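Here it is, the structure, as structure tokens.
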Amino acid sequence: MPYVTVKMLEGRTEEQKRALVEKVTDAVAETTGAPKEKIVVFIEEMSKNHYAIGGKRLSDES
Amino acid sequence: MPYVTVKMLEGRTEEQKRALVEKVTDAVAETTGAPKEKIVVFIEEMSKNHYAIGGKRLSDES
Amino acid sequence: MPYVTVKMLEGRTEEQKRALVEKVTDAVAETTGAPKEKIVVFIEEMSKNHYAIGGKRLSDES
Amino acid sequence: MPYVTVKMLEGRTEEQKRALVEKVTDAVAETTGAPKEKIVVFIEEMSKNHYAIGGKRLSDES
Amino acid sequence: MPYVTVKMLEGRTEEQKRALVEKVTDAVAETTGAPKEKIVVFIEEMSKNHYAIGGKRLSDES
Amino acid sequence: MPYVTVKMLEGRTEEQKRALVEKVTDAVAETTGAPKEKIVVFIEEMSKNHYAIGGKRLSDES
């Protein structure tokens, strides 16, 4: 606790993901006072055909 | 904003998904007054072995 | 099935929410072929102090 | 209704998942009074590189 | 880990919720082999005007 | 995009929440390369009677 979910398009490298969970955890610990070892981060990736803005999927954009 | 998530069994065609996000976005814009370009739709697919009704997975039904 | 979640700022009227779930359900039935009576819609409301774009909460905007 | 989501690391067998949804459904029915046939269970699996505790992903642990 | 979310209509008593999380945790531990002390359960309640089946909210049913 | 959800116990001050969304947004921008103005953060609060570890709700701990 806290539990953080980061939902983003697929394609980031393992190195980016490794840095992402580290920095986000630091930010949450610093601002909420939660002990770092209790902070959980989940990454959820989505593909361009499952994500739409304004009624148009990213995979359908020209 | 708003953010819409549609969770459904895998198997729909790309054409169905394309129409789904378009029509759902129209429905949300029309009824909430949100500008269409601010409406986000996520599709989440599940497989039959990860979905159960009444304690029985769809993949286990005979 | 399908299961639709609409996440939006609080403040819509009951009449708007009633229309929202009706029109969204129609849009999902029409485009996925799912029987209307099996489509579930959840509304989740958020407050302006729990929603941020670009690092700034809506409640903090001047 | 109710809707139960179980999020866990990938790797359980089909037999474990089959038992999981059955036993969880029984537990929910028994304690909430909901009719068993109305209880829905979703399984969501995550991989070790998308799950971090204390700022470190499980895939990065030595 | 695992993380279980139970989404249901508001109205259950504290005693029911207490029993719910206990029994669900037991069911998950027994079937997945996860140590009981690592299993997390979240309860999410919804109101009848935020939940619709077949395009009709429970609060609109006569 | 990305969309970040922070789920935590209720009780943080507005000042803590303001800092939380700011620092988390910075962390995501820095590590993923996403433009800051496209990063969305949602805060979800839970109460102690809706959150359990090891089958016991925080509200039931003595």
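Order of writing sets the chain letters: A, B, C, D, E and F. Residues in each chain are counted from 1.
Following the convention adopted for this analysis, a contact is a pair of C-beta atoms (placed from the backbone, for glycine too) under 8 Å apart; a residue touches a chain by one contact, two chains touch by 3 or more.
Being a predicted model, the structure only gives us computed values, none of them experimental.
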item: Of D-E and A-D, pair with higher C-beta contact tally; value: D-E
item: Counterpart interface for B-D, drawn from B-C, A-F or A-D and sharing over half of its contact pairs; value: A-D
item: Gap in Å, rounded to a whole number, between the CA centres of chain B and chain A; value: 21
item: Sites on chain F at which at least two other chains make contact; value: 3, 7, 24, 26, 51
item: Sites on chain B touched by chain A in the complex; value: 14, 17-18, 21-22, 24-26, 36-45
item: Chain E residues within the chain D interface of the complex; value: 1-9, 12, 16, 19-20, 23-24, 26-28, 30-34, 51
item: Partner chain F, residues of chain C touching it in the complex; value: 7, 46, 49-57, 59-60
